[in-house]
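Structures given as structure tokens follow.
In what follows, chain A forms one complex with chain B and a second complex with chain C.
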Partner chain A sequence: MGVVGKEMQRVDAWGKVTGEAKYSADLEPRDIYHGKVVHSTIANGLVKSFDLEEALKVPGVIKIVTCFDVPDCQFPTAGHPWSVEEKHQDICDRKILNQRVRIYGDDIAAVIATDEVAAARAARLVKAEYEEYEPIVTVEAAMREGATPLHPDIRKDNVIVHSHMTMGPSDFTFEEGLRQAKEQYGEENLVLVEADYDTPRISHCHLELPVSWAYVDVNGKVTITSSTQIPHIVRRCTAQALGIDIGKIRIIKPYIGGGFGNKQDVLYEPLNAFLTMAVGGHPVRLEISREETICSTRTRHAILGRCKGAATKDGKLLARKLDAYANNGGYASHGHAICANCGNVFKDLYQDELGCEVDCSTVYTSSPTAGAMRAYGIPQADWFAECLTDDLAEKIGMDPCDFRLKNCMGEGFVDPANGIAFHSYGLKQCIERGRERICWDEKRKAYANQTGPVRRGVGMAIFCYKTGVYPISLETASVRMVLNQDGSLQLCMGATEIGQGADTVFSQMAAEATGLTFDRVYVVSTQDTDTTPFDTGAYASRQTYVSGMACKKCGQVLRERILEYAAYMLNYAETDLAKTIHGGTVRQAAGRMREALGLSAEDQITAEMLDIVENQVVVTGGAPKLFDVAVVAETSVYSLDRSQHITAEVTNHCKDNTFASGCCFVDVEVDMPLGLVHVKKIINVHDSGILINPKLAEGQVEGGMSMGLGYGLSEEMLVDEKTGRVLNDNLLDYKIPTAMDVPDLDVEFIQLEDPTGPYGNKSLGEPPAIPVAPAIRNAILHATGVHMNVTPMTAQRLTAAFKAQSLI
Partner chain B sequence: MFDIQSFYEAKSVEDAIRALSQDEKAQVISGGTDVLIRVREGKDAGCSLVSIQKIPELKGVELTDSGDIKIGAATAFSHITNDPLIQKYLPMLGEAADTVGGPQIRNVATIGGNICNGATSADSASTMWTLDAELVLEGPEGERIVPISQFYTGPGRTVRDRREICKYFLIRKENFEGWHGVYKKYGKRRAMEIATLGCAVRVKLSEDKTRIEDGRLGYGVAGPTPLRCRKAEAVLKGSRVGDMEAVERFVETALTEVNPRSSWRASKEFRIQLIGELARRALKEAVERGGGIMNA
Partner chain C sequence: MLKIVHMTVNGTWRELAVDERESLLDTLRNRLGLTSVKKGCEVGECGACTVLVDGEAVDSCIYLTMWAEGRSIMTVEGLKGPNGELSPIQKAFVEEAAVQCGFCTPGLIMSAVEIVGTGKKYNRDELRKLISGHLCRCTGYEKILDAMERIVEEVYRTVNEEQT
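After this line comes the complex of A and B, so read on.
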């Protein structure tokens, strides 16, 4: 391969570093109005009425709309492709503004004003009268007998979905497995672990806030420029929310400052559309503050995992059980998909000799809504699986790395439920490499039997992650390429650049597939649903695999079309093209070619005899070189005999999936009296197939690892159980790690070609965030003997645990 | 965009006092790192502000003829940390100032604002308590000097009148000459952080470095205001360097003098754990800075 696999500089590097790259808010027109959302100050209840008198008096206020004004349309918000099967469709459980309040900070009204200060002032003065119900903040409260259902029109109680799955026999139960185990191995040869492992609700903390601006264009289209990962899905959901046809909506997505899954949901675009329509199509901007983003957009699900595991004393894993309870907050968003995903990976990651039983419940509560976040339920699954694995290994007295090598999912694994397989398998190689790099065996020995208040430990965790959503959901992507007269091309992806480097790797693929050089590929970074081809967007670590394949196929088609035209030129060099400025060049080239291949003047030259190498049309095999693609491109546009604009557009309906995998190894120092965990060394090793751009891949992993550090040590949204209010709704009190908190991050890859990826690649975007937290937890276990079953492992939780064990 | 009704850039201390006297709702702004947050949250939206940021006499550090140190109230934290006099005589204060927020905050946030907003978590406050700093305030009725121990009246409350300007802090020679100290900030992360607990320890060692002639212990977030633990200091006074029993008595006594509370930010139990452990560690480091050997 040529440009694929090289560390090309990001195509947007200069624009982003200099600040020239335009983001949504940079593009707004003059005299735009400003919208401000009015949020409920109760968590559960009904808006009875509003008093808008004082608010309307604020100078600059144009209009105030309330939940009594919005279309009577319930719509879904999940960034999923719409299912044409009714039972798989996303849940439609909210309106643009809600009279029925289900979370503290629900959207109940909105102000439109000439400036943001007036809008904020008026929003503070809007008075709502409520009928209040008791907030049901926890899963426990929401599942309690007699708890008020939050969406009685959709579900009779607060359970959105419960699902049961097994590995092994379809009627497998853990109890049955245990009975069999006792019979087969004898009770005295078994170890059993039973524990609750808990995870927090967290916020994505993307740098750019959710911001959009909208107007009604002269053709009547509601046009919204928005910071989103999923422009085509936003278009469909906005149409559903407004109850208008999809063609009447246009979404434009410029550069965006991160999303991490929060913007894989339709957030405030439907409201923004409604606001501009409420003021006759005048442009209205809607920027959501950090506080609003934390409380009122989406979060990662807090999932409680009640786990059981049984193994033999010589380290054979026999059976496991997971009861997962996901707090989905007030609205379904991605609904049950996330908890089910969590359950799937829990059961896939290890080979239970007898079987595995999983139950997942996803529950509405009157607390912030949970949706997609980087790795979609798998950080939770990995927390459960990898805490349990270390606890079993500890109880057996076996090295946890050996225990994993013996029991983890192996080469050739196929999930019997959905057919997802490893088309390339590097998990065990990753484990071996990580083990070596962290000096596992030496340190496990060296750190045994420590005393004193400061102790060291090493820990690890493994994971697997699928690539895209097939066959659970549709995978489709389109790409268009347009050849310019100078032999360069525009690459129009439906897939979105959200900071991960998509534009760069697609440009590399386009260059690779066409034979043009990287500098001749102009990727159109902005997606505009009126002009760019369809793609569902950036999520599920899918784009390099699914949209990348579309890019490759499209490049191949474009290349064929260029060569077909080149063949025409070579055949008609003497006649049709003789008068053109390239006539001489083509005639000479045709002569060289006929001579080299021994062709007579009558023999037709065909496209199959030609190839493109580094912008040159060449004879297949590389020599002789004929002429630059620019000669073909210019002729094809302006030819008086045969003008043909060379373009290609391809849809890739992907019906493949493949597991990526990997691991994290960490060496920590635990300062017990202060509850401080210092990560002394950390390494992630990934099996993600062939890397399209190793430098960008490394960046992805580093970003994911730092998110994993936050997940393990500091990040959690604190919600008041009495009121449903978020207590730490700002970046001072919500603790993402700072540059000072993140240690040197070590990254390695085991590059094995995956036959199903366009260039041997498979998922990488989300996986790095998965294994870090449980690896740290297991290192703390090694250092101190203390089982931290709740993440984040904050100093307060750690010191309390160390006290309980009389370690301090 | 901030919701500010009016903004007046005062030319001098007198000018600022006059502006504050004329508008009953006006409040002082300097670096703005606390005021603007309240405006943004809506708590002080629509406020009138009198800025003292461009008054030269409120800035800088100087050594007086009597050898005391004067720190202008509008001196930014980064200027305090990098000031040669601070580095020479009060390195501990420079280090404490360097724990506030991040670099951008430290470039504008001032020590006067840190003390005058009355927060128990103020990173410079516990050190200022152990230095027996004095505040020089000027208002419509003239100038007055308030020892820091009499400045705070409750959480977020001080004796400063709304119209008064804190001009500078005075730190007497006898409170730093021959003393060594350490400030330990405990936050949930290593930067961009509000203190979960702050602990300041200062010691004055005997000439042969074997005895603690005098000691001071100050805390932030160990009670509703920053505070000193004078009984614990008395325990330390005269003790032998390396007397671990004395250290434990010092810590135990300190725990009787504090009054931390449980909040969603941290539990009382956790803060108590920090109060003891930080005192122990800060004392050890302070003694070592003074040339003593703690584990002797």
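After this line comes the complex of A and C, so read on.
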């Protein structure tokens, strides 16, 4: 391979270090109106009426719209391709503004004003009269007998979806497994662990706020520029929300300042569309503040995992069980899909000799809505699975790394439920490499018998992760390439750049597939649903795999078309085309070629005899070189004989999937009296296939590890159980890691070619965030013998646990 | 009522009419079109809006434009060379792959300008502290620190060579 696999500089880096890369808010026209959302100040109830008198008096206010004004259309917000099967369609459970309030901070009205201050002032003066109900903040309260259903039109109770799955016999139960285990191995030879492992609700904290601006264009088309990962899906959901045709909506997505799944949801674009329509199509901007973003957009699900595990005393895993309870908040968003995904990976990650039983409940509560966030339920699954694994290994008295190597999913694993397989398998190699790099065996011994208040420990966690969503959902991606007269090309991807480096790796793939050099590929970074081919967007670590394959296929088609035209030129080198500006070059090239291949003047030159290598049309095999692609490109456009604009557009309907995997190893120092965990060394090893751009891949992993550190040590949204109100809705009180909280991050890859990826690659974007928190937890266990079953492992939680164990 | 304020912005003397309650962030973005100055929180928590005021890095979202009277403001738009070439700091960010979504980048670069402007040599841990007012959710700071280390080292070496 040529440019694929090389550490090319990001194509957008220049624009981003000069400030010239434009994000949504940077593109607003002058004299735009400012929208401001009015949020409910109760968590559960009904808006009875509004008093807008004071608010309307604020100078600069143009209009106030309320939940009584919006279209009577319930719409979905999940960034999924729309399912044509009704039972698989996303839940339509909200309106643009809601009269039925389900969360504290629900969207009940909106102000449009000439300036931001007026909009904010008026929003504060909007008075709502409510019929108030008891907030149902916890899963426990929401599932209680007789609890008020939050969406009685959709579900008779608050359980959005309940799913049951097994590995092994379809009717497998943990109890039955245990009975068999006792019979087979004898009760005295078994160990049993039973524990609740809990995870927090967290916020994505992309640095760019959700922001959009909208107007109605001269053709009556509602045009929205938005910071989104999923422009084509936003278009469809906005149409559903407004009850208008999809062709009437246009979404433009410029550079975005991070998304991490929050912007894989349709947040405020439908409201923004409604606001501009309410003022005759005048441009209206809608910027959601940091506080609103934390409370009223989406979060990662808090999922409680009630786990059981049984193994033999010589370390054979026999059976496990997970009862997962996901707090989905007030609206379904992606919810139903995420807990099921969590359950799936819990059962896939290990080979239970007898079977595994998983039961998942996703529950509406009157608390902030949970949706997609980097790794889609798997950080929670991994917390459950990897806490349980270490607890089992500890009880057996076996090295947890050996226990994992003995029982983890193996080469050739195929999930019997959905057919997803490891088409390339590097998990065990990752584990071996991590073990070596952290000096596992030496440190497990060295840290074995410590005393004193400050102790060291090493811990690990493994994971697996799918690549895209097939066969659970549709995987489709389209790409267009247009050849310029100078032999360069525009690469137009439906897939989106969200900071992960998509534009750069697609440019590398386009160069690789066409034979043009990297500098001749101009990627069109902005997606515009009026002109960009369809792609579902950036999520599920799918783009390099699904959209990358579309890019490769499109490049191959373009290459064939260039060569077909080149063959035509070469065959007519002596006649018609002699009139063109490149006639001499082509005639000479035809001569060289015929001589080299021993062709007579009458023999036809075909495209199959030709290839493109580094911008040159060459005879297949590399020599002789004939002429630059620019010769073909210019001729094809301007030829008076045969003008043809060489372009290609390809859809890749992907019907494949493959597991990526990897692990994290950490070495920590635990200061017990202070409840502080210092990560002294941390390494992630990833099995993500062949890397398209190793430098960017490393950056992805480092960012994910940092997110994992936050998940393990500091991040948690606190929600008041009485009111449903978020208590830490700002970046001072909600703690994401700063540069001082992140140690040096070590990254390695086991690069094995995956036969199903366009260039041997598989998922990488989300996986790095998965294994860090449980690896830290297991290192704390090693250091202190204390089982931290709830993340984040904050100083408060740690000191309480150490006190309970009389360690301090 | 608007008030008149005078300041030098990226080397150009400016006379501007602004709302006296206006933040420097809003003035730079909305009145001067300097959109490299990013808004991430509006309360001085994230550092995305960092600019230099008389050489000192400040969060422009919590700095009133009126306070800038007579002062010199610099944003990344003012860093490029006369022929549009990148400054060594910008170059280091590009080459060390310190940029992902790019939203924290302009602010971090301005802090880097302040840091290297001291001519002091900082180690990685000191740099961690110096940039801890900038939140980045994409990179884990690793490659940002690589870029900072490199540029601090380069400048320190140049300054010392000039002196010897």
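Methods note: the second predicted complex is superposed on the first by the 808 of 808 C-alpha atoms of A that agree within 3 Å, B and C clash if a C-alpha of one lies under 4 Å from a C-alpha of the other, contacts with A are read in each partner's own complex, and residues count from 1 in each chain.
Here is the rule we use: a contact is a pair of C-beta atoms (placed from the backbone, for glycine too) under 8 Å apart; a residue touches a chain by one contact, two chains touch by 3 or more.
Keep in mind that what you see is a predicted model, and the values were worked out from it rather than measured.
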Which of chain B and chain C A:A623 touches, first, second, both or neither: neither
First, second, both or neither for A:I581, with chain B first and chain C second: neither
Partner chain in contact with A:I498 - chain B first, chain C second, else both or neither: second
Greater chain A contact set [chain C / chain B]: C
Which of chain B and chain C A:A739 touches, first, second, both or neither: both
Touched partner set for A:A596, first chain B, second chain C, both or neither: neither
Which of chain B and chain C A:V414 touches, first, second, both or neither: neither
Which of chain B and chain C A:A446 touches, first, second, both or neither: neither
Partner chain(s) touched by A:L718 [first = chain B, second = chain C, both, neither]: first
Residues of chain A contacting chain B in one complex and chain C in the other: 117, 731-732, 737-740
Residues on chain A engaged by chain C in the complex (per definition of touch): 7, 9-10, 12-23, 25-26, 117, 204-209, 255-258, 260, 287, 289-290, 498-501, 695-696, 698-699, 702-707, 730-732, 736-740, 742, 744-745
Touch list for chain A against partner chain B, complex: 115-117, 120-121, 124, 673-675, 714, 718, 720, 727-728, 731-733, 735, 737-741, 794-796, 799-800, 803, 808
Chain A-facing residues of chain C, complex: 21, 29, 34-43, 45-46, 48, 75-77, 79-80, 86, 90, 93-95, 97, 99-106, 109, 124, 127-129, 131-145
Residues of chain B defined as touching chain A within the complex: 1-3, 42, 45-46, 102, 186, 188-194, 264-267, 269-270, 273-274, 277-278
